[in-house]
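What follows is a single structure, and I will ask about it in a moment.
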């Protein structure tokens, strides 16, 4: 039994008209109503899918993906979202293309967009580059549309940049909303976004930044914990502070994992690289200084190794609210004794939370599809109603 | 003129209800009725296609392919089958993904399956690994469904493992059924599944194993011939013996190619590696012993070179029934004087059988599509009827 | 408001019945009527797309792409065209496939074509090879159809060969037709197809060859200009001469860029390699003589460097008709001071023509789609009418 009417009623109370023909760069550039619209449409699409009802709003059209870093789950999430709506994914593989040979972003952006409805970009490796690249790309297609080159403007879905990982953070949040029985129950809940040890180094900052940038919107008590020197981007901390002030929650920092875990309702222990080191690495790569890069890597691994005690152990979990905080991770996690000798989390903790962790990941395709639908449909309520009225079967049985 | 009713009547006489929501690992795990259901649905789908009638039973959905070995024809067969039914292929490319970086099979399986209706896996390189991997993968998604992570369970199509190559063997069999005018005409026919010399080594055992494992089901006289030391998996020989006993056919072994070809109705000469050597190679790879691997390769090539007389020459063909046995091969063949100096088959023999060989290959997309349809539709007869009633045009003309 | 009737009336005046079930190799193998049919259907498809009307003439089916050279825009154009018509692209990646391991073209062609409606091939690297390969491929599938292996014959779209680049030249021409307000206005217009300096060497000859081979069909004054020694294929020059004689235009050659630009209505300055050098390179590669290839590369770069004055500068542009000739390029261009130190065109010239250049490129997907539609539909006028009558929405809004 479809619950479409319920979702439409929720949407009727929200103001999200600016999402039409717009892009999704950072969660904190969106209003609370706009974020709730994404969650609501995501739930509505999932409801259709689970009831075997087609959600193809496109008869044809391309979703262009550009991954500048390896990816399994985000790649499949994007492909799933596009397929769910009727778009075919066309990968812009910089290896196979002539992109590397001196083409400007402006040109590439227009050349691949003649039939593109969506552009999904993952560019998270270099500080100051990923988000800027996305903006450059989208400016180019907007200009191309204004100049009569493109008959329409594709919408951007930021699949991870140097600043934010909005599809991850939004999927994480939708998971939390479902776990806690509604967004209204999140006020006053404590989440510990903490650094954790991993034998690799240089993991992107966009996950912790995305989490503190989004979870502070919901009136939650957000604690960011890391060893000294592992700071995230200063500007994102400012965003988190401002968010907390506005939402009636709090944003605090600590260098103690224990303090962060204490009475937490949710813990999100995960490795990342110090922002300052990533800035330095970006500069070294820019200068082609590979000796410098190797030297930095050694230093960072040595620095990490001093903090092997930052692990989500059973002991640490006992500190949380009733010892039962919701454990979260964007996956894959570095599991002690499983995927590495010493890592972010004890195997027993990870195993106990495997089902909610996988459910957490299951929201991402729907979040991406919702972002696309809200950018492409002028009246999403009518679109949802039309899908429900048609109730076209997805799979003949 | 569609012959759908005829196919439906055939299906009405068969019991294949266990195929619904099930997987296809090995042909000998399926009943005779189930195999015939696959052949019948494959023929029905081909009939639709040749009459320009759409067979899209999916409005959207993904078919995930995972190829752990190079492939042209199986890759295209899977893509064709998915497209025929309305699914979009999404390739799980272990190079592009993070699979290599310590992810567990359980996690990957769930992460790629949120919108997957089918999983096609080819993993034939290491003894004891390929089929086991597929089972591990499918256990993970079944568990994921039970745990509420996946709203449905994708079906597995084994695109070749270390034990069987069911889509190949089934396509081969459907070809034989058509060539001989019906499955009822196969009883008592002799097929020679024989080793043949090739300048390469280490070709998978799954083709000969798949052939003896399937053709013994049909009351045929199946002869497996190879030089001493080129044994296939013992457990598959046991399966073949049991099959032959049940079907009223026979399964015999010989070290003489001549004996096998004598009066054969069908010959299938093809190179493969000795099972024992492949076991050893798997172990060497497992230990990272590359010197051992290279040494083994040398030994195997030297061993092969002693059996250059195992070739499907014109002389050999004369030994077969009226000199006109049906020559079969999974392709590509090593053709003497064409693709190599000395190989599996004479160029003149290959050329004479080119048309039936290519027809043989043409059944694979339909076999795969039939396996999917039977796993996904609770009442395939009704599905076929609905497709015929709708008679939606595939290509506007 | 759809203009379909207008396009249908135009088609009614043309004879293009031989395009049905045929291929597109070279523009000069097609009649003027056939070329105009392609332009007309391309415009009709664009009209549908811009009015949000579906042009899916296929319910399912594959478009096979085989790129033997890197490509962004042609790859995306082919993918866009296939998607526009309802086909899914399946890439024949010679790296991933067993193509490299001794398979014959005949076999591969049949193996990938069981469900293929279109084959798009780019093979432009070696003189005497690309076009020949395409013919070999298509002969194989035609034979396969005759032999009952394939239930239909896919159509070839030449995505660039050693002789012609028809989708590029046709897109360029459609752009010119739109810029000049109709094909009837092209008579007597002067186009300068000129060589230009680039720091790279060995760029394909198919673009200049395609341009002189097509533009001479329209009664234009076509000037081919290049430094001594940079001749294109002799047989294409003969084609251009014959075309010019028949169409009432002219085809002349010069070694002076100034002379070519003088009073030109259109200029197309672009680097290419001397035909003789490419013949030699093909031979060297054929012999595996890599030292020879490297030596040739050095010589060609030195030879190029003597002609840095062959650049489309502001000064040169002043020589053209009113200083305002239409500047064209297939992209990406080597822009002086932008993508290289010294290149084909001044940055200020390129920037002034950026919008028309990108529009020029935007026609390629529609040209490809039109080629496919004309090969696949027996009565294209009825197909267009059916699409207009149905007016199925492409994107729900």
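Read from first to last, the chains carry the letters A, B and C; within each, the first residue is number 1.
The criterion applied here is as follows: a contact is a pair of C-beta atoms (placed from the backbone, for glycine too) under 8 Å apart; a residue touches a chain by one contact, two chains touch by 3 or more.
If you're wondering where the values come from, they're calculated on a predicted model, not measured in any experiment.
A complete topology is adopted by the chain contact network, contact being made between every pair of chains. For the two copies, chain B and chain C, the CA superposition rotation is 120 degrees, given to the nearest 5.
Between chain A and chain C, two chains of identical sequence, the interface residue sets overlap only in part, with shared numbers making up under half of the total. Centroids of chain A and chain C (each the mean of its C-alpha atoms) stand 41 Å apart.
Chain contacts: chain A has residues 88 touching two or more partner chains.
The touching residues of chain C, counted against chain B in their complex, run 57-62, 88, 90, 92, 96-99, 101-104, 107-108, 110-112, 114-115, 117, 144, 147-151, 376-379, 383, 386. Within the complex formed with chain A, the residues of chain C that make contact are 49-50, 54-56, 67, 70-73, 75-77, 79-80, 83-84, 86, 88-89, 331-332, 334, 338-340, 355, 358-359, 361-362, 365, 392-397.
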